[in-house]
Amino acid sequence: MTSRRIRIDVPALTRVEGEGSLRLEIKGNKLVELGLSIFEPPRYFEKFLEGREAREVVDIVARICGICPVAYQISALNALESLSTQAVSPWVQRMRRAFYCGEWLQSHALHIHLLALPDYLGFDNAIAMAERHPEEVKRGLKLQGMGNALIRLFGGRSVHPVGARLGGFHHAPSAETVADLVEKLKGAQEDARNLTHFCASLPLPDDPQSFICVALHHPDHYAMESGEIHTSTGLVLNAAQFEQHFHEHHKPDSTALWSDLDGHPYLTGPLARLNINHAQLPDFLQARLQEIGFQLPSSNMFHSLIARALEIELALHEAIRLLDEYAYPDAPYNSLFLEPGIGFGMSEAPRGLLWHRYALDDQGLIQAARIVPPTSQNQARIEEDLHRSLSRFGLNHDEDALRLRAEQVIRNYDPCISCATHFLRLEKHET
Amino acid sequence: MSNPALPTEAVVLNRIQETEDIFTLQLQLTDPSQQWRLGIQPGQFNMLYRYGVGEIPISFKAISEDDQGHPVLEHTIRAVGRVSRSLAELLPGDRIGLRGPFGQGWPLEQAENRDLCVITGGLGCAPAVSIIEHAFANRTSYGHIHIIQGVKHSADLLWRSRYEFWAQQPNTTVLMAADVAAPGWPWYSGRVTELIKRLPLKPDKTLVCCCGPEPMMQASAEQLIRQHVPAESIWLSMERNMQCATGHCGHCQFGSDFICHDGPVIPYPRLCGRLGLEGV
Amino acid sequence: MSAADFLPRSSLSSLIDLLQQQGYRVVGPQVIDGAILYRPLQQADQLPAGIEQIQQPGQYRLIRTQGPRLFSWANGPQALKPLTFAPRETLWRSHLQADGSLRFEEVIETTEPTAVLGVRGCDLAALSLQDQHFSGDPYYQQRRDSLLLIAVDCSHPADTCFCASTGDGPDARAGYDLALVELDDGYRIRAGSPKGQSLMDNLPLDAATPEQQQQTDEQHQKACQQQRHLPAFEPSRLIHQGQHPIWDSLAEACLSCGNCTSVCPSCFCFSESEVPELDGTTSGHQRQWDSCFSEGHSYIHGHRFRPDTKSRYRQWLTHKFGSWVEQYGRSGCTGCGRCISWCPVGIDPLEALTELGREDVE
Amino acid sequence: MAKPRIAVHKFSSCDGCQLAFLNLGEALLQLNEQVEILHFLEAGMSDVSADVDIAFVEGSLSTPDELERIRQVRANSQYLITIGACATSGGLQALRNLDGHHDEWRDAIYAQPEFIHTLKNVVPIASEVKVDLELWGCPVNSVQILAAVRALLFGVAPVDDRDRVCLECKRQQTVCVMVTQGTPCMGPVTRTGCGALCPRFGRDCYGCYGPSETAQSETLARRFAGLSLVPDAIARRFLLINSQAPAFLQAGGVFYRSGAEDPRAGDQDD
C-alpha cells in the first residue's frame, strides 16, 4: 500500500500577509497529519508602538494591513477613546460607521470578485475571468470602487486613509461632495442585489459542520464599528474581558499567534456575524434571504461567500442611510483628554473581530500595546475545517482537486488577500 | 491668433548618426501652410516634441531642400536624457511635434564681410555648428574663418572628422585644445584661452560667436577683449532650462534676460556683469 | 459735487443679484479652513462678516468680531492669480492616429464671465504685472478676459502689509471695474470702466453724507499708516550682492519650500510635463505652478545652476525686487505681505532687503 | 510588438501598495491589454521565477529568505521598480533598527523564538540589489504606478518628481496648516506624489512619501521646536514611516531619546 505525502505551500496566511505552508500527510486513505504553518515576517508593530504618542496610533496601526486599515484605525480609536471621560459626538459616531461601511464594501467586493469567484467559474484569476464574464467582473470592480470612494470621502485615500483622528475626523466633507457620492451609492444598489443573487446561484459545496461563532453585537444595529462580543456558546463580553476567555499561543514552526476561546477554535467574520446578528438585518435583506432561500444560522462555511454579498448590500444601505441625512458639522472632532490607564477597543473588520489594548502613561505615550487580528483568531478554525473538509471531500482525489478544495476552504475565511488566490503548491511524496 | 504653445506636426525624413550619441534629424513640416515657420536663422531654436515623452529646445542647424524643392530642417542632437534619448530612436517616416522658431540667432548681417571667429567648448556644441555650416554655405560673404574647439579631456572630442574637413578649407583655421590630453593628441593641450592668444585676429574686422560652458565663454571673452576685440563684437549663446520657449515659464531667466526670447544669442556687454555670478 | 455713490450694506445683495442677472458667476471672499479664500458666492451672507485678522511672519489667524463689516481683513493666501494663471492645466493633447501621424488638439477651456468681489489694490497691481508677463499666452488671456473686477479699498491692512510704500494700495488705484469703500453702514462706490459705470447706474445709490465722506478720508489715512515699509535699496545692485553674509543666514532659516512664490500674486513660473494616457493613443501636455525654489527650475542636463537653498533664495529675492525692474519697469512686489505671513518659518524678505540696502549706503 | 511582461512581488509589507493595482477598477483591465502580468499573487497570477521586463517590488527585506528571493527577482527582471516606503526606505517596520532591540522584542512576543528567522535590521530593496526606479509613498497610488508603466511603455525612464508637498499644497489651493494652526507639518521636507492629501484634510503631513529634494530637515526641526515640540516629539515626526531615509534619520536622530532627562529642553528656541 502506498502512502502519499503531500506538501502544500501557502504563501501568506496572516494578518499582514506572509508565507505559510500546509503540510498534509495521507496514509492510505487517512489524514495522519495536517499542519498549517505560517512564516509571516514579524513586523513588531506592538513593540514600536511603545513610546509613541496616542495621536500617532491611528496612522501607525493602519499600516498593519493595507486591506483593512480602517478597521485597525477604528479599533485603536475605540480603545484609546475609552480612556477619556468625554464621548465623541453623535456626528462622529455616525460618520465612522459610514467610513467603516466603505471598508466592508471594498474588501468584500475585492474578495468575491478578484479572489473567490475565479475558483467557482473555473479561472485562474479575475483578469482571465473578465474575458468571459466581463459584466460580472466590472460589476465587482464598480462595487469595490464605491467602497474606495466612501473611504476616500473621509480619509482622502482608501489605503492608509489620513482623515481619522482621536475624537473624530480631521476634516468634514462638504455637503455637496457627500450628496454626489450618495447618488452614486444609490446607483450601485441594484448591482449589489444582482451580486447576491448571482452568488446564491453558484453551486457551492454543501458541507455542514459545527463551529463556534464569535461576533460583535450591538443592540441598535448590525454591529460593525462597535458592540460587545457575543458567542454562539452564549458568552457576552466587553472588550476588557476579552483576554479572560481568548488566548493566543505561539505555534512552533510559525510566526503567527493562534487564538482559542477557552481552548476551542472558533469562527469570526461575515458568516459568524450573520449567524449571530441576522435578526437585525433590515427588512429588505430579510426579504432577500427569503428570495434566495438562505437559512440562518448556517453551518455551511461555503456560505461565507453569500454572507459577504449580503454584507455588501447592508454596507451600501447603511452608508446611504447615514449620508442621506448628512449635515456639515460644527466641528469634525472634539479634543479629548485621555487619562492614563489601559484602554480596550474592538470592531468588526471585514474578516472579523479585531481587538486592541493600549496602556497609556501620564505623558500621553503608549506603554504597551496588544493587537489580536481576525486572521490569527480564525487559524485554529481553518485547520480544523481543513481536516474535516478534506476528509469529507475524499482523500483519494488527485492532488489538483485536493489543492483546489483546500484553497476554497481557506478562502472562505478570507485570511488575507494574496493567500486567497491560487496559492497551494503540492509536493507529492510516495513513501 | 495662433497658439504658440501648440506644436505642428513634422515628419522625420532622414536620420544621420554623427557619432555614438549625436545624431541629425532632417525634418519636414507635414502641413505646407505652416512653412512660414521655416524662416529660421542660425542660432535660433525649435522645440521638438516626442509623442508621449516631452519637448526640448534644440538649435536649428541648417536648412536644405528636398527633390521637390520643399524645405528640410536639420537639427543635430546629442542623446543625454529622457527626451533626447527618445528622439534618438526616431526613424524616417516617424512623426514628431515642432514649435518655433524661437529666440535671437547669431547676428549674421553684422558678420558679413568680416572674419568669423567661432569658439566652442564642451561636448557637441550644436548651436555653433549652425553658423559654421552657414558660413561655408555662403562662403563669399565672410572673410577668414577661425574655429576653436576646447574639450576637458581629449577623449571627449566628437566629430573629429568634421573638424578635420573644415581645417582643410581655404582661409580657415581650426584649433583644438584639451585640458587633459591623452598621448597621441595632435593638437594643443591646455585652455582655449591660450589658443585665442595665438590667433592673428583683426580686432575691428572680426565677429566672435561663442558657445560653451559659461566659465569658458567668460574667459574667452575676457581674453578677446585683452586682444582688443570690441565687446560688442562678441556674441555668446546661453543655455538655461526651458519649458515653454515663449518667455512665460520663467525657467530660462538669466538675471533680467529670458534666454528663450532675449537670447539664446546675446551680445557680451549685456552679459558681462552677470556671467560668473554664482547661482544666476 | 456730491453724486449718488452710496450703497447701504443692506443693499449689497442688489449688487450680487445684478451681477448674477447679467450672467456673471460671482466669486467672493469666504472663510474656509481658517483663511479668507475667493470662492463662488451665491449670496451676501456668505461673505466674512465681522472677520478680522492677525498676520505676522509665519502666522495667519482669523478673529471673529461682532462688527458688521464684510471686508475688515487684509487678504487671504491667494490673490487673483489662481483665477487667471491656473495652478495646473492641460495645454494641448496629441493623438497618435492609426497611420502613425500626430494630431495636436488645443485645449483651452472657456471660462464663464466671472465677477470677483473684494479685490485689493495690491492684487490689482499684481494682476497688471501678470498681464504684462503673460501677454501672448492664450490660456491666461482667455481667463483674464472673463473677469469683472470689483475692488474694495483696504481698511484693515495687516501687520505684514506694505502696499502704501510700494504705491499699490491700500486703495484700489487702477484696473478695476468698480471699487468700493466699506464704511460702517455701507459702501461708497466708484466706477473704473464703462462696464463698471453701467453697473453703478443700475444700483440703488444715495448721496454720501458729509460724515460718510469724512469717515472715508479718515479710514484711508489710517490704512496708510502701515507697520512695514519697503526699505531703500538699489534694485540693479541686488544681483551683484551675492557675497553678502545675509544669504548665509537666510539659507539657514529657509525651508526652500516655495510657499513665498506660490502665494505671491506676481510670481509666474511654471513647468510643463507630459501625461500620456493608458490607451496608448493620447497624451496630454500639462503645465503647473513651479517655483525658483524647486530643483527642476535651474536644472539642465548634468547641472543645476542653483543646487542649494542659498542660491534659490537669492534668485527669488533678486528677481522679485531687482531684475523685475529691468524686465517690466517696476519691482515685482506690490506690498501684499503674503510671502511674509505664509512662510512656514516666518522669514521677512524686507529685513533682508534692509540689510542689502545698508550696503548701498556704506 | 510583444507586450511588456510584468511581475508584482511582495516582501515584508502590509500589501497596501499592491492595491494600487487592484484598486484601479476598469483601468486594471485596460492595463492588462497593454502588458502581460505574469506574477502577481494577489491578482491570481503565480509564476515567481518568470523572466519579466518590469518587476514591481513591494516590501522591505527582513528575513534571510527574503534576501535570497530578491536576488532572484533581480536576476529575472530587466527593470526593477520598488513600490512604497517599505521597499524604498524600509518602511514603518524599520523602526526596529533604531533601538536594536530586535531580539528582545522577538523573545517577548514569541514563545518559541528559535523558530523566528529574521534579520536584525529591516532594510530597503536597494541595499541588496540594484533598483532602477523608486516610487515613494505609504502607500504608492495608482497615478504613480500608471505614470511609471506608461513611461516605460514609451520606452523612456519615468520622471522622478522630487518636489516637496508644499508646492502641491499650494497648487491644490489648500490652506497651510502650519501657518494657520501652528500644526507641525512635514510638508516642507516631504516629497510630493500624494497630492498634498493631509493638508487638504486639514492636518499635518506626516512624511509618508519620504524626503524631497534638498530637504531642509534640520531647519524644519528647529521650527518644530519653535512650535513647542519637545525633542523626543520632534524625533517622532522624522522617525516614522521613512525613518531610514537619510534626510529624516539624520534630523530625527539628533533628537531621538535625547529629551529623556530634560523633556522641555527644545522649547527655548522661540
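Chains here go by letter, A, B, C and D, matching the order in which they are written, and residues are numbered from 1 within each.
Please note the rule applied: a residue touches a chain if its C-beta (ideal position, glycine included) is under 8 Å from a C-beta of that chain, and two chains touch if they have at least 3 such contacts.
Chain identities (UniProt): A = Coenzyme F420-reducing hydrogenase, alpha subunit; B = NAD(P)H-flavin reductase; C = 4Fe-4S dicluster domain-containing protein; D = Coenzyme F420-reducing hydrogenase, gamma subunit.
Fair warning: this is a prediction, and the values are worked out from it, not measured in the lab.
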**Asked** What chain is most central when centres are computed from CA atoms?
**Response** D
**Request:** Report which of B-D and B-C is connected by more C-beta pairs in contact.
**Result:** B-C
**Prompt:** If you average the Cα atoms of subunit B and of subunit D to get two centres, how far apart are those centres in Å?
**Reply:** 43
**Message:** How many angstrom lie between the centres of subunit B and subunit C, each centre taken as the mean Cα position?
**Reply:** 40
**subunit A and subunit B: spacing of chain centres that average the CA atoms, whole Å** = 65
**Fill in**
Distance between the CA centroids of subunit A and subunit C (whole Å) is 50
**Item:** Numbers and ranges of subunit B residues touching at least 2 other chains
**Value:** 51-53
**Prompt:** When you check subunit D against every other chain, which residues touch at least two of them?
**Reply:** 150-151, 154, 159, 202
**Complete:** Check: subunit C positions touching at least 2 other chains come out as 273, 276, 290, 296
**Request:** Using the touch definition up top, name the residues of subunit C that touch subunit D in the complex.
**Result:** 32-35, 37, 58-61, 77-78, 82, 87-88, 252-259, 262-263, 273, 275-280, 288-291, 294-296, 307-309, 341-345
**Request:** Note which residues of subunit D are touching subunit A in the complex, please.
**Result:** 10-20, 22-23, 25-26, 28-29, 32, 37, 41-46, 62-63, 65-66, 91-93, 95-96, 101-102, 105-106, 108-112, 115-116, 118, 138-139, 141, 194, 197-198, 200-203, 206, 208, 233, 236, 240-241, 263
**Prompt:** Tell me, which parts of subunit D touch subunit C in their complex?
**Reply:** 27, 30-31, 34, 146-147, 149-151, 153-154, 159, 162-164, 166-167, 170-176, 178-182, 185, 187-189, 202, 213-214, 216, 219-220, 223
**Message:** For a test of understanding, state which residues of subunit B touch subunit D in their complex under the given definition.
**Reply:** 51-53, 82-83, 85-86, 89
**Message:** Under the definition above, what is the set of subunit C residues touching subunit B in their complex?
**Reply:** 91-92, 94, 96, 100-104, 106, 108, 133-134, 136-139, 239-240, 242, 268-274, 276, 283, 285, 287, 290, 292, 296-302, 305-306, 310-312, 314-315, 319, 323-324, 326-327
